[in-house]
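Take a look at the structures below.
Both complexes shown next keep chain A, but they swap its partner, so chain B is in the first and chain C is in the second.
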Partner chain A sequence: MTSAELQRRWQKRGGLTDPQFALTIVIAVLLFNLIIIIIPLGYSFYLSLHDTNVILKKTEYVGFDLWAEAFAEEETQDAAIKSLIFSGISVVLTFALSLAMALVLNLNFPGRGVLRALILLPWAVSEVVTATMWTMLLDANFGVLNGILAPWAVPDGQVWLNPNWVLFWLSLAFAWHLAPLGTFFLLAALQTIPQDLYNAARIDRAGVFSRFWHVTLPHIRYAILIVLVVVTVEAFRQFDLVFAMTSGGPGTTSQILPLLIFRYNFQFSQYGLASAASYVLIIVATILAMAYFVLLGRQRKQVRVAKPTAAVKAA
Partner chain B sequence: MAEVTLQNIVKKFGETLAVDDVSLGIADGEFLVLLGPSGCGKTTTLNMVAGLERPTSGQISIGGNRIENVPPDKRDIAMVFQSIALYPHMTVYQNIAFPLRMARVQKAEAEQRVREVAQLLRIDELLDRKPYQLSGGQRQRVALGRCVVRQPAVFLFDEPLSSLDAKLRVDMRVEVKKLHERLSATFVYVTHDQVEAMTMADRVALMDGGKLIQVGEPSEIYRRPANRMVAGFIGSPGMNFLRGRFSGSQGAIAFEAPGVRVPLPANLLAGNSLNGADMTLGIRPESVKVGTAAQSSASVEGSVFATEPVGSDLFLDISFEEGAAGLTSLFKVRTVPDLKVRVGETISLQLPYESIYFFNASGWRIHPA
Partner chain C sequence: MDRATGQKIFVGTAVFFVFVWTIFPFFWMVWASFMTDSELATGVAKGIEEPTLEHYGRIFGLTETEAIFGGQTKAMGQGFVNSLIVALPTALIATFVATLAGYAFGRFRFPGKTPLLFTLLLTRTLPPIGILIPYFILFKTVGLVGHPGGLILTYLTGIVPLLTWVLMGYFATLPVEVERAARIDGCSRIKVLWHVIVPMGAPGISAAFIIAFLFAWNELLFGIILTGGTQAQTLSPALLAISPLTAVGYSPVALFCAASALSVLPPLALALIFQRYITRLNIVDPVTIRDE
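Presenting the complex of A and B:
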């Protein structure tokens, strides 16, 4: 087809057909993704298969040896467990906080418009600022928490970020930061529930908890799914907040996987090992996200159009 | 026994008066339709009986027990909503069984009751479906089933048929009526559709502007409308109105409206004290006859502005004022479908004296007394 012919066709059709337009957009986005995601991911995969010696500027193909090393390394296993604990507490706290705030903001009370705007603020604050704030709240010597609790016989200079509790406090800071986003999703879903359903449930003798269980929850289940996936993935790849608050300390008690990868990469220049460990992280996060879809999305499968029965055909 | 009594019910939303001093007694087993234009307070009244709204003042009782402060779940009522309001994630079976589940009815008994109700409403084939897999009429029946299964003393309906298409609405009307006959429970049914009200109700309660205007059997509401609003609202199309005055005296009074003079016998209205007063003459489209002078009717002439054939009947739109045929002042006449008339033609109409109504300046009926 000559370009003149193309030109004529273009003018004749007055632009693109719908499928052409769709394809153009999809291909453009895919190209963009290729550049910013696929290529770095590919390069990272290449690195994970090579042992790199920075000083000798030598790269040697080692197959999946580094992967095996990443799995076998006690440090990696330890970090993976820390990651799981941190993510577990984070998801529970964030989700509970999101849902509670969404339910409150869904009520009708004066000033809720202002409150809805204000509640998003923690999410808008950068993670490093969040970390600084929580560090100051929890500081043993001049922290706000110790100041408030002083009259109740909490020992002066209580170290909150101690090895036993550091993951909990990090999770709490994380929840404080991310819960507004969850609230946003859940509130949007809550507002689509028709009032008549609640009225019907009230007349059907459903109490407050039954109404929540049978009307509210089923209606927002897909919003819940999205929130859980987003929060889990965010928690699993969390770096900024933890790095700024504890840098993985005390000792390595809060050294979650992304921090360890950072250290492999930038402190020990073990690019291959860092890449291999990154892949471990991606795989675990993906498995977790899929698990939600399987658990919460399973009812979707039942949502199929039943074959019309004879009676329906007759009707 | 489940008679429902409303006494001096008032409901205000802020400064707005939604229901204005409504008193109404509904007998046990009665089918009462609350009828009125949108915003007349009928749904608010129903919601107060349901317990979804609390009256600002006044008393409500069901079966002799005061219930204004009783929550909806303890009132022994069931309700069908305008939006149907089936639980979207539950199957038909679960939807119908839901009130029983909440009332902790034994599983076996619940199942039996659900199946009975499903059979009664011919939805037993659909029990495994989800609401979105049903047609409008089927959803309606499921919503009915969810009410029937509870065996409540009072059924409340909030314009349940308004979301259905015209054909289905006619079928469901009969279905609801049959259901009432079978259950002999008290039905309170809100609608803005006068045909629904006339066809289903034992008694109709007409509301307007938050006030209860008239309560009566459909035929009474049709024959003896309390005011212009009722007369215009009931009937399809509604009553024709001519605004004008009486003139003349002794033996030869007449009603004069712009473009038309209706001669009347002197004894039609007691006394001539009404001379000169603002008045509205009303007559139903189906009472007017086309043709020349007949016994005991007033003869008038008008020009045909438009014709509306509907198959079974022919409706004529008559205009009395030459050139000033605003659509609001058109006078409708129902006649036989094969009548030959041309638009613009002058036509003779007979208004039988017995079918003529008069309403005073504030709209209330003064004739027939």
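Presenting the complex of A and C:
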């Protein structure tokens, strides 16, 4: 019996069709999700239009003044730039690490299963613990890095988390924590590449890099895009790691946007300004995500068209 | 040196680097946790002259603790319990909801599927701080600050879309034959879901459960704001309370390392036990799977 016949028989008994059934579930879940998200977002929007004075317990409607303030404030712009730098470095580092580890794990060696299990561990620990570990490595006074490098004439007590480099080290710690996830996405894609393609390329005397460029990369293109999406989103919404490792310091040199909003709200009780600034963050994140989705959709079509040609070439 | 040996050396080196990169930070944190405070102050990267368990003893309440940290170390134990109280229901509810949604998205075609999916995924990209501020003010008025229920609700906003995505891709890879046979025998779709999909997809569903559990166990920001300093304080805020960053004067780095090392035991155990299932999840191609 085909599923279409089954469908018809089912409908006669007064049940829902498959699409109706699926739609019912999906809409119920989506409604639940939207309710727990739209109510706070709506309330946050309301807050962003009102100047709240906590001491006088007075709330005053000010229109989009606070939005303008959030955009114009030097502190906010500075934090936004830091967010972009942090996300940018994080994406590059995390992706490079993910790909390198995936390529290594795709090789044949004894103990591969063990290593595959091990590399999952950094992903399983919290950002707070990641911060602890990297502080142990980088601390100027007792850190491991200074201890190991001491014999090689590195000035004693080198301050790694200095204003110029702090965002880089935060990104590296972030990459250590998140790269396993990317590794597994890429590894799954790598393992779908037919071995024949490599053999054919070898017969054509293609070198390692040529094989990587012409055989490996086209096959994992889609997975690469997914990894970039996931990492960008995670880096952009990251709070825990930076808060636990530097709290935005030294000074405000690693104060990315989420940390600044946190300070506005929970240290200075400027609910309106914090909400307005968080809307800036939300809007940028949404634009970023939508751009990626469009890109994904386009890539998907290309992959679908490209697949048969690759197969024909191999044959 | 022939080609094969050269290749072996190359592979060996690469494997070695991946191994060291992964283990290095873990190793030094645990190493430091066995040092006395005065020894640690002179550097972590050296042999330990007199290894000590006093930091672990303090956390378990076996060793005397300076008055200022007495409360905090007690809060660690409480944090373990509280995190469990929050993480288990979060993971259960999220897995239940996402199983339904993932089944619908992964197995059926219906009008508006792609836009609905993107709407769901967009909610995942929202920065947590943007959601937290209104929730904090709302919860303050209804008394949900310092209550696990509030935390669970806010965790669901982030974790349900992610799990749906994960499970959708996973369900789409399961064979349809058994399901079809059950339907022909007159099972309703809900029955099929419960008696066929759930048992058959148990590895994926348990992996999703672990992902949700780890998220709730590890999270800091919501935990600090919604439970920090209260009876319901979860583990990450409790940890941060003894962080050398925030502590004034005496710097309890070694204690902090010991506490951190203990806090990762449950996640590490779960990740290792379910490693095979977690890595089997196909979340690479969520949108296309059903169409191709």
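Definition applied: the second predicted complex is superposed on the first by the 268 of 315 C-alpha atoms of A that agree within 3 Å, B and C clash if a C-alpha of one lies under 4 Å from a C-alpha of the other, contacts with A are read in each partner's own complex, and residues count from 1 in each chain.
Following the convention adopted for this analysis, a contact is a pair of C-beta atoms (placed from the backbone, for glycine too) under 8 Å apart; a residue touches a chain by one contact, two chains touch by 3 or more.
Note that the coordinates shown come from a computational prediction; the quantities given were computed from them, not determined experimentally.
Trainee: Looking at the overlay, does A:136 come into contact with chain B only (first), chain C only (second), both, or neither?
Mentor: Second partner only, chain C.
Trainee: Among the partners chain B and chain C, which is in contact with a greater number of residues of chain A?
Mentor: C
Trainee: In the superposed arrangement, does A:116 touch chain B (first), chain C (second), both or neither?
Mentor: Touch status of A:116: second partner only.
Trainee: Per the contact definition in the header, classify A:182: touching chain B only (first), chain C only (second), both, or neither.
Mentor: The answer is neither, since A:182 touches no partner chain.
Trainee: Check the residue A:248 against both partner chains and state whether it touches chain B (first), chain C (second), both, or neither.
Mentor: neither
Trainee: Between chain B (first) and chain C (second), which does A:286 come into contact with in this model arrangement: first, second, both, or neither?
Mentor: Once the two structures are laid over each other on A, A:286 reaches chain C alone.
Trainee: Applying the touch criterion given at the start, work out whether A:194 contacts chain B, chain C, both or neither, answering first, second, both or neither.
Mentor: First partner only.
Trainee: So, does A:272 touch the first partner chain B, the second partner chain C, both, or neither?
Mentor: Neither partner.
Trainee: On chain A, what residues does chain B touch that chain C touches as well?
Mentor: After superposing on chain A, chain A residues 303 contact both chain B and chain C.
Trainee: Which stretch or stretches of chain B touch chain A in the complex?
Mentor: Answer in residue numbers: 50-52, 71-73, 77-79, 81-83, 85, 87-90, 98-99, 102-103, 122, 125-126, 128-130, 133, 135, 137-138, 146, 150.
Trainee: Mind pulling up the chain C residues that touch chain A in the complex?
Mentor: 11-12, 14-15, 17-19, 21-26, 28-29, 32, 40-46, 97, 100-101, 103-105, 107-113, 116, 118-131, 133-138, 153-154, 156-157, 160-161, 164, 180, 183-184, 188-189, 214, 217-221, 225, 236, 239-240, 243-245, 253, 256-257, 260, 263-264, 267-268, 270-272, 275, 278-279, 282-285, 287-288, 292
Trainee: Can you name the residues of chain A that touch chain B in the complex?
Mentor: Within the complex, chain A contacts chain B at residues 194, 196-197, 199-207, 210, 214-215, 218-219, 299, 303, 305-306, 309-312, 315.
Trainee: Could you pull out which chain A residues touch chain C in their complex?
Mentor: Those residues of chain A that touch chain C are 1, 3, 6, 10, 15, 18-23, 25-30, 32-34, 36-37, 39-41, 43-44, 47, 100-101, 104-105, 107-109, 111, 115-130, 132-137, 141-144, 146-148, 176, 184-185, 187-189, 222-223, 226, 233, 236-237, 239-240, 243-244, 246-247, 258, 261-262, 265-266, 271, 274-275, 278-279, 281-282, 285-286, 288-290, 293, 296-297, 300, 303-304.
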